[in-house]
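For reference, the structure discussed in these notes is given below.
Letters A, B, C and D name the chains as they come in the text, with residue numbers starting at 1 for each one.
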Amino acid sequence: MSTARETLGIGMVGHAFMGAVHSHAWRSVHRFFDPALVPRLAVLGGRDETRAKAAAQRFGWADVETDWRALIARDDVDLVDICTPGDSHAEIAIAALEAGKHVLCEKPLANSVAEAEAMAEAARRARERGVRAMVAFNYRRVPALAHARNLVARGALGEIRHVRSVYLQDWLSDAQAPMTWRLKREHAGSGALGDLGAHIVDAAQFVTGEHITGVSGLTNTFVRQRPSGSGRDEVTVDDCALFLARLSSGAVASFEATRYALGRKNAMRLEVNGSKASLAFDFESMNELQFYDGEGTEAGFRRILVTEPEHPYVGVWWPPGHLLGYEHTFTHEVADLLDAIAAGTDPQPGFDDGLRVQRVLDAVERSAAEEARWTAVEESR
Amino acid sequence: MSTARETLGIGMVGHAFMGAVHSHAWRSVHRFFDPALVPRLAVLGGRDETRAKAAAQRFGWADVETDWRALIARDDVDLVDICTPGDSHAEIAIAALEAGKHVLCEKPLANSVAEAEAMAEAARRARERGVRAMVAFNYRRVPALAHARNLVARGALGEIRHVRSVYLQDWLSDAQAPMTWRLKREHAGSGALGDLGAHIVDAAQFVTGEHITGVSGLTNTFVRQRPSGSGRDEVTVDDCALFLARLSSGAVASFEATRYALGRKNAMRLEVNGSKASLAFDFESMNELQFYDGEGTEAGFRRILVTEPEHPYVGVWWPPGHLLGYEHTFTHEVADLLDAIAAGTDPQPGFDDGLRVQRVLDAVERSAAEEARWTAVEESR
Amino acid sequence: MSTARETLGIGMVGHAFMGAVHSHAWRSVHRFFDPALVPRLAVLGGRDETRAKAAAQRFGWADVETDWRALIARDDVDLVDICTPGDSHAEIAIAALEAGKHVLCEKPLANSVAEAEAMAEAARRARERGVRAMVAFNYRRVPALAHARNLVARGALGEIRHVRSVYLQDWLSDAQAPMTWRLKREHAGSGALGDLGAHIVDAAQFVTGEHITGVSGLTNTFVRQRPSGSGRDEVTVDDCALFLARLSSGAVASFEATRYALGRKNAMRLEVNGSKASLAFDFESMNELQFYDGEGTEAGFRRILVTEPEHPYVGVWWPPGHLLGYEHTFTHEVADLLDAIAAGTDPQPGFDDGLRVQRVLDAVERSAAEEARWTAVEESR
Amino acid sequence: MSTARETLGIGMVGHAFMGAVHSHAWRSVHRFFDPALVPRLAVLGGRDETRAKAAAQRFGWADVETDWRALIARDDVDLVDICTPGDSHAEIAIAALEAGKHVLCEKPLANSVAEAEAMAEAARRARERGVRAMVAFNYRRVPALAHARNLVARGALGEIRHVRSVYLQDWLSDAQAPMTWRLKREHAGSGALGDLGAHIVDAAQFVTGEHITGVSGLTNTFVRQRPSGSGRDEVTVDDCALFLARLSSGAVASFEATRYALGRKNAMRLEVNGSKASLAFDFESMNELQFYDGEGTEAGFRRILVTEPEHPYVGVWWPPGHLLGYEHTFTHEVADLLDAIAAGTDPQPGFDDGLRVQRVLDAVERSAAEEARWTAVEESR
């Protein structure tokens, strides 16, 4: 029976946090959804063979490669899933696309606009050959945010006036928390801005259907050195980034990304105020969407539990009120990706969307370097 | 490498809602936890071969059996997982235990005290031969409730005074919702009482570590006939059950189970007030525990996000603030079960716990039949 | 100009907590509302002249009397406001009504059904002479609950299925909290039942427009002796009362009143589930009403901020979102009372409503004394 | 008896919304607090004699004046309370101070920095003669925010890293809402910035004990013309203002003030993240303070009900859990003012604080006029 559906061989590079959730998604997607292609967990890529083999066994991959170029070259790999730090995204993604392999790339797309442009260009060329590229802004597949997008798209909010979005974590709040690659510019590109800010920029653009046209930003590094081995090492990225923005429609917006908001664990929040309705979301209550539309004495923000069968992605899961967890944003993501590949259409968000986010982040950094000077976001082609 | 860990062959009977979540748990548990035994999804049991085969492929089972007796008899089945309606639990569970197969049985343990007693007796006999039995009160493995149990167990609440617990759903609120087996006494045993009430009785006893000693109950059936095929059929179970109770320590308690609380989708709630602290839980926010301990001008109910690595079960999952979903209560359940089997200890909750819940439900029904007369709960041995 | 409106002379007996809020209401009502009669704070009654005079100056009363009979007899007193413990309500109220003075009486109306019947009878006789009597169930004048009543009355909820109401406080949670008159049966009549339970019984009957027809109750006293002076004194009332109930329409209900719910300060809560909509209220968020009506993918409990000019009582106050406090439930109460007196109509709730609540409390006590036996609530005439 | 305490004659100019709440505060303060001076509501000032007389009767003032200069000159006026639009604050306040009358002036202190400087200078001169001046930032007297200030002041938060504050209303969300003086620059000075932004700037500086040193701002006017009489009139102020800021300690901050956040009625919110603890406040739940301090597995934001007798201002009011309303922020304000006058000390916030806020608002406007250019806030002397 399993021969009835075609399979797609997956090669995944990287096996840390993102590797774990992506593996779960690849293993589980066809157990709940009916994707047109069934994933095969073919090869896991990792530089250290022992650790890669342990991870492959743990996560259910059939084989390992220690060289990502070898992984790309394998016949049993149809799609390359890139779960490495940002500094290697461009090289791996471009090589995979040129080799005719579909690509799913973790966010942020790249560590610089130049890299992101090269990747977007590679994706455009690949598309002509039927090869697909997707960037893993998984928050688009939170059912509540997908539902929010639908509400805006059908005009329920009217004219958009305000967007306010924050992504608050606190894991660096302790000044003695140790150094990690995420705090080094050469690996991570930026700090909270690229890691967290990228998510809320994409989410805001996705939900509103608008583009950020200009920004005024400031960044700060609260703790400049952190314990590393027996000594201390320099933090070379931002600890937080705040910026004001204007959207293509004339709406105004504010954004904040930080790892120092003590008590906020993963507060990725988005509020949109329109002329007819408002909506609000907080990832710490990810199964809920707050929605307000003006209706006299019964008006009030509604706590919609986005767990009804009619809500996006929810129908395949559990009965109403039985919550979904974080990892299924990835399950939903790969379900859509598999369908797009089978249908020969472009998955969303594509590398152009990733580039668009990168341009915003870049504008924020340039603005912050010039005392919050207003900085236009370069238009993508 | 996978030879390093021993495996346990699973045979699961039933493949509806519970079958789907149990399958996910069996498939996933060793991807996150390190259970001493790795489950093999050996056989799926279902009366209709076509449907069973489709489910087996969907859920990842190697083979199917249409007769549960054949399933029990197979050499590749070490554990029988019972996901059928309550009227078949006793027969299957007892046969499996007698055949030397471990058993995981969905709740409520049975449709009557007599059945539950026979099952508990079978479990006691099986235990002597190293065969284990567990009843699937999955809410014990919600990290927030496991954490609540730990707080009570270490004395943080002091003397328990009050328990109030409700389990509110609304899927029968519409009087035109169709007939299902859950509304027929011969299959379901009871209505909201056994389906939902069983969960909150077990959760209250688990979290407080106390037993319910007596009850005063009332039940009601709001809609007595429902559409069935082209006609209408009698509802023969309760639509809701409410009862007052006393606990072994002298605390007082109230319980309510209903499928008519419009707007409440899966509001399984529990509040406990002690002399030193209080706690409150709502499954619609299942990653949160509200906790109050008296501390002067800063006292207040805290919204603990139970997603820290130190919280029960959470360490293997995602970073703080990345929520877990409903299905992992089952993943945690089978992780503990696998470890207990390997260690040769009794998994919790055992059939005695299931019997204890059954006795409470039975006392509620008898009380309700006699105008809420106070009814003692028979002591288990 | 102030001669344009007639005044009504108020004589208030008692000047503790309730005296303070009633005084504020009498002083303030015409500063915001336009009652047909303007209150004059004529006489404050208190047994200790020194303390009564201090209170009169503090609260703005023109004169004092140490004998409530003298207060009733004064020509400048048109209305007697009874703010004493429950054991003196009947005597004072009946004397005042017989003297032709309108009466506002604190709740619970009396300490026994017999007293309440006598009071209701006195009120009926007085009514024939145009003399009015009101019982001070102030929660009816919380704008959110008045709005809830309006929603039910206009049919928004459909058929009522469930009522669940609790009134949770924690000021006795500490076993060393000292003895007060509220813990002595001879003064308070009962404990949490009469003090807190009376409020939720009235509120549930008010909001649903139904009567409680029968109950099954239990009461408990957790701490049987408390510090009093240098020794200890017996607590002779209940510390908590829980009861199940049926309403005239066939709905089922549960109630709980306690002073031992650690962390709950004044959680007077009411939830009503109907066939078309549900509502929920918590006095700790007294300016909010939660409302759910079924509307597909946007359905959810709405947090209505009941601070719009169209909401009951709110129009005279502040702009939307500027909250009202506890004491204005009394301001609203006396505004309605003054208008009823001027219009020659019966204020709501009258002594018959107070009697009805008393009959429910009595049934709960009798049920609790007989092991939760189902006990019908005697019908009022 | 009332001769025991000295009185202070109050003359209030203006009798709209602010006049109503101030009147309530002056009438009520000594009914709850024990201020060293008891206010006499001597004179109400209003240009239209008929309307002023009606307001005086409504609010309880003894007399009226149609010319504020005459009001200041009266012997029975010891304190002038300025409740007029911002364009007249400077003239009235300076005249009153020069006449030796204490002044309470509504916020924002003035419509320009120049006016505010003149007022602050007048206040400094008056102080030398024992004459006091206060600006009515009433949110400082919300018990929850006063408690927040105390927590920061005693070091509970550690080093401050983040402040985020918004003041969201929605009364202009409807593009057809009519023109008011609040939308004209000549009267209001600015729009949401001065009306709402002033409050959150003061609150942030008050709670943190720090100053804003620089800003980057943008403002927007969504609806440029509004109905006025039979035609339409130009809106000449901002509809919203957003700005980033740095505080004197190095913390970073963001602010937003708008009247277009549909569904947010009076959401004056403030969150502060420190290295040891965080706090959060929302005026729509004004009796609550959210507080987080790091404490292992029980850590979580606590909902402190700021209604305990030990909380600031609360002891004179009702039992715990009985909420206070908006207007008592003013009652608390005048209680402190009366005590400061009697004690011969400076009330807080003084005109210097008002000037400091004005400088921030001015910097935001200048920044917004230059494309969000970073703009230092001029230091006050």
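In the analysis below, a residue touches a chain if its C-beta (ideal position, glycine included) is under 8 Å from a C-beta of that chain, and two chains touch if they have at least 3 such contacts.
Here the structure is a predicted model, which means the values were calculated and not measured.
Each chain gets a centre from the mean of its Cα atoms; the one farthest from the centre of subunit A is C.
More C-beta pairs touch across one of A-C and B-C than the other; that pair is B-C.
Each chain gets one centre point, the mean of its Cα atoms, and the points for subunit A and subunit B are 36 Å apart. Put simply, the C-alpha centre of subunit A and that of subunit C have 55 angstrom between them. Taking the mean of the C-alpha atoms as each chain's centre, subunit B and subunit C sit 42 Å apart. In subunit C, the residues that touch at least two other chains are 264, 299-301, 305.
Those residues of subunit A that touch subunit B in the shared complex are 1-2, 17, 21, 23-24, 27-28, 31, 53, 57-60, 169, 171, 264-267, 283-287, 305, 307, 318-328. Contact residues of subunit C toward subunit A in the complex are 147, 151, 288-289, 291, 293, 296-305, 308, 310-311. Those residues of subunit B that touch subunit C in the complex are listed here as 161-162, 164, 166, 170, 173, 175, 216-218, 220, 222, 240, 242-244, 246, 250, 252, 254, 256, 258, 260-264, 271, 273-278, 292, 294, 299-301, 371-374.
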